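As written, the chains take the letters A, B and C, and residue 1 is the first residue of each chain.
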Amino acid sequence: MTVEVVNVVRRFGATAALEGVSLSLRPGEFAALLGPSGSGKTTLLRILAGLDFPDGGEVRIAGADVAAVPARERGVGVVFQNYALFRHMSVAENVAFGLRVRARAHRPPEAEIQRRVRELLELVQIPELAGRYPEQISGGQRQRVALARALAIEPQLLLLDEPFGALDALVRKEVRRWVRGLHERLGITSILVTHDQEEAMEMADRLAVMEAGRIVQFDTPRALLEAPATAFVAGFLGEATRLLVRIQGRVARASEFGLEDIAVELPDGEALLFLRPHEVRIEPAHAAQGVVRFVRPEGAGGARVLAEIGGRMIEGISTTEPARGDACRIRLLSGTVFHSEGGQFRWQRQEAWATR
Amino acid sequence: MSASAATRRHVLPGFGVSLGVTLAWLGLIVLVPLAALAIRPWELGVAGVIRTLAEPRVLAALRLSFGAALLATAIAAPLGLLMAWVITRYHFPGRRVLDALVDLPFALPTAVAGLALTALFAPNGWLGVPLAAIGVQVAYTPVGVVVALVFVALPFLVRTVEPVLRDLSPEAEEAAATLGATRPQTIRRVVLPTLWPALLTGFGLGFARAVGEYGSVIFIAGNVPMVSEIAPLLIVTKLEQFDYPAASAIGLAMLLMALLILFGLNLWQRALRRGRA
Amino acid sequence: MSGAAIADPRSLRWLAIATAVVLTVAILLLPLAAVFAEALRRGWEPALEAILDEDSLAAVRLTLLVAAIAVPVNTIGGIAGAWAITKFDFPGRRLLITLIELPFSVSPVISGLVYVLLFGAQGFLGPWLREHDIQIIFALPGLVLATVFVTFPFVARTLIPLMQEQGRDEEEAAATLGAGGWDIFRRVTLPNVKWALLSGVLLCNARAMGEFGAVAVVSGHIRGQTNTMPLHVEILYNEYMFVGAFAVASLLALLGLVTLGAKALLEALARRRMGDAA
């Protein structure tokens, strides 16, 4: 089922929650809306669910304009943030709800409803909980009930609003792999809203990164990491050291921090230099350029190192394991420079020995 | 925004029906009749209204109604706080019964309460006899009015303070203790400040109920003009004389004064909450 | 349970409990006992006789009738108001809540007065009503209107805070699953608020049956016709028929006690339901 959002605008009073958002999903795709709180991702999800309505723009599901179709007629499955299970109904009654409220002409007979509920509970692997009430089961189990309930109406589109937020860290990892696996089996076009980049990166085919009511980039996880469209995306995804540098005569003056200058194809002005840990090599040295402050050992004798240089902390990788307080040298392998007035440059050290 | 767009803004169905029913219910039962009260007195002209309200008997009745209500609520406040404290903090046999009895004034018809208090405090009543022995007369005096109003206002204070007291986490008090505060210091500096807004709310509710109270008061008050005659009774008297404008003038004055006091309490409470935030 | 660090001294605790108990007995329990004692002063028979008197029975019937009309009106209005206020965003919600609660700040006497001003002989609509031979004041419609006014906020007031706290998540979930308005209300909202609703209806009913000031103003005290139970109590009392007055008052007091008991039971049920869950 395709989903198309074109130029959608939503205002709450004077503030705009969505400022012209466009998004296009392929059938069967698993997409994630990722952004800090207040970036508009939940508003967009609610508009797709029919729980909110845009002030402008179009929303098309399977080619049909649904902007004015209320939630009850959309057939979009929603897993709510806190699951919103009906607390006075048993698990089975929760799952059956969407079938029981159908108009009599479309309502399956009771035996058929029972059968479908059993099937769905088996699908989400909790058939033994049918008679329990929401308060009597764990967070992870509630999550499965919410999913089964949403799937009961055979949705063409499944929306998941921070569905793992209420789970503890261990359960969360397991449940999200299971949900992704379920998606592989059912093939329902799905959209996940989350502020957790690790979760989005792991689960989604493509991610829409949102900032202040706009989608700043919609791409695969790898593309987002390797070619972030803006400094915001670069900063939001993955770890990075961020340095504010001046550009003068096609050179980014990283030497102000005791690093080497970087040649860039950008005009004069201010810029942000992003350095991912794997782009920075920390090496032992006698002439102290920097000092090792924190060390986290990693496999194969190497370590993740936080070094202080020119009053800044820079995170990088060392092939050996230095000790705290050791003198060190910092060598940059690559980095991304974002000019404050737009424009970016991907810098890469040319020497062959740099990538050893 | 077009009308259709405005209506589809609502996600859940039933907005038009429910708001329509609500407004009809509110308008027909409350707003239109109150409008009649706001209009009627002015038949007398502004000077006439002032003359009506300035009558010594009217002034005395208003003074008694408001004075006794304020005094009674002020007495009920510490009593209510104590009751709420005992109900939420201590465990003792009969706590449940005590808890349930607090609601008695809510559930007991006012005329019954009035009759009961009169029987109790009458010179030959269970409490009237011992009180008379020490020279205190309650029934048929302004004191009786205050006693009846304390009865009426008490549950409002208990029931508004109680949930706040229940939700108050013992950790804050424990923290105060670890910081070296004595128990009275903890109560004065940690517990009471969080209770103030609720106490004010309860005070407002209790006062609003007490100031207009009729049934529980008229039996015990004796209703001596200028001494123990409350304003609501004077309204009834004026109505029985078919003096609608005077009755409505007193009624309007009562209502406006009560709302003004409630509004003042509300402002005070808001200032307290803001100060805390 | 609170720890030892913040436990009050034993002596203080017992002093507080003793004060509360004495207070409760003196100003809450004793009056109640006095009513029954006065009613039974000359034994069961005169008391029963007074209750079974024709005028008394007429008053009981009228009281039941008035409550049977007023309580459903305020229940429907209260549910509609709570639904509109808690399930939708619209300007003026706070004002609407204030207006719904307004009758609690109005003296019962004034609640009756406003209808006299509208429908009384010299009221705004008085002449028109007389022409068409419609009696509102000193008749059943007046009693009902005054009672509805006085008990107006009860149901809405118990529902609004609870429904606000419960939010709209479950209703929205029901909507995404295809439920219509009636289904959402009946299957999702109502089961979640039924105990509170019942308790609001109970309190509304107790006040409706016991209301005195408002109905005193609109009733005209016509025996056997416009006399509700509380008004009948007053008449008997003013005629120095104390046993009768207190006997009918006992009946009303019993109604209050039953209401209290039922309310406590409802709260226990609601608590146990939650306790089950935990």
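Brief remarks on what is shown
What we mean here is this: a residue touches a chain if its C-beta (ideal position, glycine included) is under 8 Å from a C-beta of that chain, and two chains touch if they have at least 3 such contacts.
On a predicted model such as this, the values are computed, not experimentally measured, just so you know.
By number of C-beta pairs in contact, A-C leads over the other of A-B and A-C. For subunit B, the chain whose average C-alpha position is most distant is A. If you average the Cα atoms of subunit B and of subunit C, the two centres end up 16 Å apart.
Note on chain placement: the centre of subunit A and the centre of subunit B lie 54 Å apart, centres being C-alpha means.
Mean C-alpha position of subunit A lies 54 Å from that of subunit C. The set of subunit B residues touching two or more other chains comprises 11, 13.
Residue positions of subunit C touching 2 or more other chains, listed in rising order: 172, 175, 180. Multi-chain contact residues of subunit A, defined as those touching 2 or more other chains: 50-51, 70-72. The touching residues of subunit B, when paired with subunit A in their complex, are 1, 4-5, 8-9, 11, 13. On the side of subunit B, the complex with subunit C involves touching residues 10-15, 17-19, 21-22, 25-26, 29-34, 36-37, 40, 79, 82-83, 85-87, 89-90, 92, 94, 96, 98, 100-113, 115-117, 119-120, 125-127, 147, 150-151, 154, 170, 173-174, 177-178, 183, 186, 205, 208-209, 211-215, 219, 231-233, 235-236, 239, 242, 244, 247-248, 251, 254-255, 258-259, 262. Against subunit B, in their complex, subunit C makes its touches with residues 2-3, 5-6, 8-9, 13, 16-17, 19-21, 23-24, 26-32, 34-35, 37-38, 73, 76-77, 80-81, 83-85, 87-88, 90, 96, 99-100, 102-110, 113-118, 120-124, 145, 148-149, 152, 168, 171-172, 175, 180-181, 184-185, 203, 206, 209-213, 216-217, 229-231, 233-234, 237, 245-246, 249, 252-253, 255-257, 259-261, 263-264. Interface residues of subunit C, counted against subunit A in their complex, comprise 169-170, 172-180, 183, 187-188, 191-192, 276-278. Taken together, the subunit A residues at the contact with subunit B in this complex read 50-53, 55, 68, 70-72.
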